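Below are two complexes that have subunit A in common, paired first with subunit B and then with subunit C.
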Partner chain A sequence: MAISTTDRRPAAPDRKRRARPARRTRAGGPGRRVLLLLQLSAVLAVLLLWAALAAAGLVSSTALPGPTAVFGTFPELFGTSAYWQAVGDTLNGALTGFLAAAVIGVPLGLVTGTYAAAEQSSRLLVDVLRSFPVIALLPVFLLVLGSTPTTKTTVVFLACVFPVFLQAQYGARSVTPMIAETMDSYRVPRHLRFRKVILPSATPSVMTGLRLAATTSVLVAIGVEVLTTLPGIGHEVVLAQQGGAAAQAYAYIITAGTIGYSINLLSQFAERRLLRWRPPAHTD
Partner chain B sequence: MQRHAKTGGSSLVVEDVGKTFGHGTDEHRVIEGLSLRVDPGEFVCIVGPSGAGKTTLLRCLSGLIRPTSGTIRYGDEPLTRPHADIAVVFQDYRGSLLPWMRVRDNVAFPLEGMGVKRAERNRRAEECLHAVGLADVGDKYPWQLSGGMQQRVAIARGLAYEAPVLLMDEPFGSVDAQSRFDLEDLTLSLRADLGITVILVTHDIDEAVYLGDRVVVIGGRPTTVVDNLQVDLGTDRDQITTRADHRFTDLRTRLLTRIREAQAPAERTPARPEPKPAPDETPSGGTAKDGIPKDSPAREKTARAVR
Partner chain C sequence: MSTRTPGALWKPLLKQLWLPVLCVAVLLVATAGSTSFYFPPATDVLATLWRELLHGGLVGDLLFSLRNIALGLGIATVVGVGAGLVIGEVDLLRQATGPLLDFARATPTVAFVPVIILTLGIGSGPKVFLIALGSVWPILLNTVSGVHGINPAVHETAHSYRIPWRLRLLKVVLPGALPQIFAGIRVALSIAVVLMVVSEIYGSPVGLGNFILQSGSSFAVPETWAGTVLIGILGYGLSVLLLAAEYALLGWYHQRPPRARRSLSRNEV
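Then we have the complex of A and B:
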């Protein structure tokens, strides 16, 4: 489970993704429509393999029902309030924890990143804190906070706050010496510099942190639900599995995957809107 | 162009300035005992070999760094930090423009820090963009412009600041030859129109002679002033005729000789360890290792070929 994905080395802002279509067409590769077709057929191929595996009976149908059986449960599930309740519970815990991490991690990261002394003095503490495996601390939280939604939110927060904080810090440090010196020579005051130089300079990196955290938040929320009795998608998976409703368990897993994928799409869209100033290829 | 600042400003006086980087055994004396005076309205070119501490000197003149010894005065006041009367145009136009701001906002940004109202800021920015021949690119982002145009934007930003003194650090080092000539002439005409003081640092002797009223040669280890040459070519200069003028070639010969003399002693005594170049003196921009200027079409071609 990707719970301690907080790498010290911050991930580079994802630049290639946007550049890809343009470069492909220029290099004479497949066009946009063809590309989409190819990607969809790759998905279809995996679904077919899954169906073949299930039909061949290599794995028992209680462990791996076929795709038709799994997708067949969706119409029924969509009609139940339990399904939507579970989705809501998971999203609620993930979103609250994620927002708290963003609200605390981003400003703290930007400020400590701006001042070298703050960054250096907080480094040891941050490195120690983020090394604790959050899930392993779950029993402690259960003991202190009880089996409550607050526990879920807290664990999500802890898993998200470090990537967000570190990416923001890294972003604030990304102001080049050249720009810093230019701003010095034109005597740009500190508040203006923070708002119009450090902030935009840090945005690509901050967005990467938020995107990592958004995906992590759902993963961790579901993880907590699987390990505890807290309601949500994870809990429904466990219940369905224990009740022998394998198809339903897989339907919930696919739901979780869809949520994660949607979050990724959304954050990409937000990133594109915020970073319109960047050159399309953004190389050299 | 209408200007609010007093033209020319005050004299910039450098007295016995030294600059040392590092401590103990790592100590590296870049500049020593350097004195220099630039009067209001003068165009002074400071020329010296790579690694001579040109950029270090310019950073001292801009108030970005403080000399280790000696004093720099602007008018009556000691210059210890960036001054409102001094604008700087750096060599690396790509690095000094803010990529997330449109060209107009880049030019107007220093004014925002001075509390100038938005309408006035934009008006001044447009005016300065017009003055550098970029009347219609205000809405573009820097990356949408060529290297020469970006450097014009950086010059426009310096003009919009309305400082009577303009410091330029190898401002045309990273643009192609044709843009370079255009930018040189642009700088001359701006100076003629506005009566500003210009101090331009370059390693290009021809450029120094072509632009300056006076050329100051710096060199030696550590660096000091080795020659101070009045350029008697008048104010009307032309890329073709001025450069062909025998007075131009005479000045050029004298400067080259002086620079060679200044370099010679260091080369004759290899026993003395070669001091490491100061961090700010690493040759950036200009010509890359393979000898092709960074922005030349040839470089793009080779880069593409490599890819």
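Then we have the complex of A and C:
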């Protein structure tokens, strides 16, 4: 029983997003310009709070340097090649692992999602593997593979492949029974069914999986760099903090945040472009 | 679920179990006579795990790690749900803080590990802080979207009957957002486990992360694998526990037909 109750509910990607245009017009709310002003002032408020916290001396300046100190290091950092090298190293490791996960996870998920038997038999296994904190494999990988870029890529791949796989599987399963029965009764050939029915209905879910994995890939890459001597943003944070340059460490953290945030924005944009054909208030 | 006959109960169980069992069997057979230094026989690993748990200090490590996760996640839940309810209720606040919260969520907390641990020390406190810092964002964002997603008609009804705010919070807003909140906690749990491991590998005298680091760097391979397996069991056990809590608290929600449920759109890593 314990097994049949561990149902997985992967991120349902779509309903809310699809309904967004309708929501926006209904909500009305403040105009675009006012909203932007509000958001800017919220950012400003947080920066002021940060500055006040740092100035008050409640926390030592090595734990939390002020915003002016942190942002002051950016012009200098932008000029150094070490900064861009670190960003490149992190992105390189993250991207390689992510692409490998997409290439393996999406087809595997779509195929196992199409056949109920395959989905059922892989369920428990994937459930156990998915909840495994991949970063805990790092000591093992360091033993087997050593402190090489391959280790970073492998750990990123393992962390990304499960969200991608699960979302693809979930998407392939989301074909409604009515459509499935219609395909059966018209004897739609398998390849046509896959290309014209399963693939389009799985795309939103697959995109969600890829978006999750993209964010995870950067996170894991930085995690690996923090714990090893592999070059990248994570390693630079360690070096800066150990060298007493807390402001520089924070500058690298903000860089990491910006990368994560841009990935989110980019993938949301790509998702919207790819799924434009969908009617906005589609309900199943 | 309720109309199952006993025969129909073990059949899906069998269908789900054969592959994991096969995998474990293959693993056991493939590594049985293994002389490879890095891949010791799986039975050796399990024996080591058992021995370390009984006679070694592994139980102490396990308890240390578990306590940090529980404390960090507890703090994150209280802060995240509390702030999320406020932000979700006040529309202006929700819109103003949107990009800020998205940015905070996108910032990888693992990058904070060296900064926090190098300045605040290797004790338990900084680790709890890191776990709370990392896991608060999914809970907060999910609470906000859960509160925001409550049907406007429900809100208006509560308003027009002039239901006092405390009652409204406890009986309308919180139950309405609870499914989303749980989805957030589930994401937060996996983040918490990762941060537990990273913070302990980075600098800690005790804990599971420290155990696998120490045994790994002293080339005690079976111990390293055993610790890794234990972390896996811990991760899975905690997620099953959370699921059980969810079913206990949200039984009313899961008994609804799937179509009546609200989609959980924000439970992302």
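One rule holds in what follows: the second predicted complex is superposed on the first by the 258 of 284 C-alpha atoms of A that agree within 3 Å, B and C clash if a C-alpha of one lies under 4 Å from a C-alpha of the other, contacts with A are read in each partner's own complex, and residues count from 1 in each chain.
As a working rule, a contact is a pair of C-beta atoms (placed from the backbone, for glycine too) under 8 Å apart; a residue touches a chain by one contact, two chains touch by 3 or more.
These figures come from a predicted structure and were not determined experimentally.
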Comparison of subunit B and subunit C by subunit A residues contacted: C
Touching partner for A:257 - first (subunit B), second (subunit C), both, neither: second
Partner chain(s) touched by A:189 [first = subunit B, second = subunit C, both, neither]: first
Partner chain(s) touched by A:176 [first = subunit B, second = subunit C, both, neither]: first
Which of subunit B and subunit C A:99 touches, first, second, both or neither: neither
Partner chain(s) touched by A:200 [first = subunit B, second = subunit C, both, neither]: first
Subunit B versus subunit C as contact partner of A:35, first or second or both or neither: second
Partner chain(s) touched by A:63 [first = subunit B, second = subunit C, both, neither]: second
Set intersection of subunit A contacts, subunit C complex versus subunit B complex: none
Complex contact set, residues of subunit B against subunit A: 59, 62-64, 82, 84, 86-88, 90, 92, 95-96, 98-101, 109-110, 112-114, 141, 143-144, 157, 161, 303
Complex contacts: residues of subunit C adjacent to subunit A: 9, 12-13, 15-20, 23, 38, 91-92, 95-100, 102-104, 106-108, 110-116, 118-120, 145, 149, 183, 190, 193-194, 196-198, 201-202, 208-209, 212-213, 215-217, 219, 221, 224-225, 227-228, 231-232, 235-236, 238-240, 243, 247, 263-269
For the subunit A and subunit C complex, residues of the former touching the latter: 1-6, 9, 11-17, 29-30, 35, 38-39, 41-43, 46, 60, 62-63, 117, 120-125, 127-128, 131-140, 142-144, 163, 208, 211-212, 215-216, 218-219, 222-223, 226-227, 233-234, 237-238, 241-242, 246, 249-250, 252-254, 256-257, 260-261, 263-264
Touching residues (chain side subunit A, partner subunit B) in the complex: 176, 178-179, 181-182, 184-189, 192, 196-197, 200-201, 203, 277-279, 284
